[in-house]
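Structure provided below as structure tokens; questions to follow.
The chains carry the letters A, B and C, assigned in the order they are written, with residues numbered from 1 in each.
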């Protein structure tokens, strides 16, 4: 392989003029993490609501929940990204659209909202599965004690369901984190975008991608470790 | 209602009528071919990885596990970039040529998706193989079948049938994922839509249309998978 | 305060380890620490009037009519699939029914205007599979509904829970989680949890049928004691020994119908229907 390796490249100044290539990648990492965390807040909240809707006895609520999941699961994430970024400002009333287009950091907000609603459909699936995995008698016991439906969910069903689905939720969180890279197509300067930019500026393809790869693997390990700690923390004695 | 009408009043859907041949015969044809070949390659490779992982031999299970975890830690976009740049060098190394060889966009994406999806397919096949009771392979050995015979005619056929709905669901995910070849400016379905959108300045129409087409295909496909799932469940 | 009509009795058996004080051997009184307020002074506590229920085309209850008066213990028995569990779940509207009427203490359960959470909080229920909340400690299991439904302050709810836990002989386990207790212990906690709401009536849905045989006694002891203290009880069970000991009436169900509804002596002495005779001979033969 006649490729000229240059691992010192990370400490050379990037042509952007504000630091080295290493700084460039780290700022990418920062955007990846911030975007993933913000999107997760939306995904967890919306996903929980949609997941609960799908387990309520009312047909209307179930239909709304099912429609949400089908809609967001059956359109590629990249297409959704374009819909939020290019299409939404055009179909809103003009003043709103203009406001959206002039928003500073628009790629960031778009990525957060898009990923949040997309991941919510996956969280909703897990929440529904978790609630349905509980014995039917748990809901009955809550109801029989006089708890309202909302109270039964809040105090009985959800605390147990979340414990059951912690492992799949961890992998959804990781998917969410990896999916932030799709937002490079709308100009979010996250880790993969920065590695790509580094490759374009320096022609050191493999150093740039190796660095990004190593960083992603480290984040994965950290998330898995933290999830393990949380799992042990919330574990119920005797189960 | 008024808002909805105003929304579509300055839409120009003729752009779709004028470009549908390009969208489907160039774009969608690429997308479907890539999906089908990568799914087949991914399942075959994934099954081999799953067998490695369950082989109980030294080293092989660890190698398989490392490969799967490695691939699953990385964003697909990064992997697409990786292979786009790496494959020419690997090709050069294999055939011993002077310079990195030229690999077409299609081959490059096919290799990428096969290797990437194999990690996900292997997890499905692992679950499938493990879902077959131990007694089945014991019975096969007792009848004098070799490992490969027992895998090929006893274990894998059952595992495939049990896992067919999951494999197909993963293929729908793969179909959606192929849209990411957009980052290499390849003319898949989304790439074609995007090119028309830019050329004619019709982003709204083209992206909404692309979304509808993807939705229709994936929604119908997942309905069919669900129906199949019920049938498989009944047979068992 | 203790004001039950009858003195507490000692348990029939106590198979638990020494760490569990036996039910009924606590320092004071009874399981019923307070007499629940009853609004309807006349008429039955539970009135089931011509109730029918279908799952789709399949009829699970057919024209069921019976009643339970204040202080009465009624045992409901019958082969599995006879609809007895479904019937008892209709009483606190856990299961909807399509025809007929059920009133509890004068309140119609199927009436849209009825405040169901309020009604249910006055009807204690004990389930076949205990249904303690696995993520909550025993203390929290006992106090959750008291606080969220009755609005009792935390300290009061926990004290009440602890007192009842002592009465079922499990005070030492207050800090544990359900998964750390045996089935029999869990079921006694479940009874205490229901009693903590000061119910006017208690429903038991096969409370011992998910238990290992050696644990059945400890749960029945608590139930016997509760019956002797004057609690109104409707009990779905196969435990004919329990029925003989404390029931006033026995209802026999088969195929969704109430086949026999008789005083205990009459039921065990000379059941009128052939189906009840067959059932009794089968269940008493072992």
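In this text, a contact is a pair of C-beta atoms (placed from the backbone, for glycine too) under 8 Å apart; a residue touches a chain by one contact, two chains touch by 3 or more.
Please read all numbers here as calculations on a predicted model, not as lab measurements.
Enquirer: Looking at the contacts, which chains touch chain B and chain C alike?
Expert: Chains touching both chain B and chain C: A.
Enquirer: Look at all chain centres (mean of CA atoms) and spot the one farthest from the centre of chain A.
Expert: Here the answer is chain C, farthest from chain A.
Enquirer: Among all chains, which one's averaged Cα position is nearest the averaged Cα position of every protein chain shown?
Expert: Smallest centre-to-centre distance to the global C-alpha mean: chain A.
Enquirer: Out of A-B and A-C, which chain pair has the most contact pairs?
Expert: It is A-B, judged by the count of C-beta pairs in contact.
Enquirer: Measure off the straight-line distance from the CA centroid of chain B to the CA centroid of chain C, and report it in whole Å.
Expert: 56
Enquirer: Taking each chain's centre as its mean C-alpha position, how far apart are chain A and chain B in Å?
Expert: Measuring from centre to centre gives 21 Å for this pair.
Enquirer: Using mean C-alpha positions as chain centres, tell me how far chain A is from chain C in Å, no decimals.
Expert: 47
Enquirer: Give the residues of chain A that touch two or more other chains, as numbers and ranges in rising order.
Expert: none
Enquirer: Okay, in this complex, where on chain A does chain B touch?
Expert: Residues of chain A touching chain B: 1-3, 70-71, 73-80, 82-83, 86-87, 90-91, 93, 174, 178-182, 184-185, 192, 195-196, 199, 205-206, 209, 212-213, 216-217, 220.
Enquirer: Considering only the defined contacts, which chain A positions touch chain C in the complex?
Expert: Within the complex, chain A touches chain C at residues 135, 137-138, 140-148, 151, 155-156, 159-160, 163, 236-239.
Enquirer: Residue numbers of chain B touching chain A in their complex, please.
Expert: Where chain B meets chain A, its residues are 3, 6-7, 70, 73-78, 81-82, 85-86, 89, 92-93, 99, 176-177, 179-180, 182-183, 190, 194, 203-204, 207-208, 210-211, 214-215, 218-219, 222.
Enquirer: Taking the complex as given, what residues does chain C use to touch chain A?
Expert: Of all residues in chain C, those touching chain A are 89, 92, 94, 117-123, 125, 127-129, 131-135, 144-145, 148-150, 176-181, 193-194, 197.
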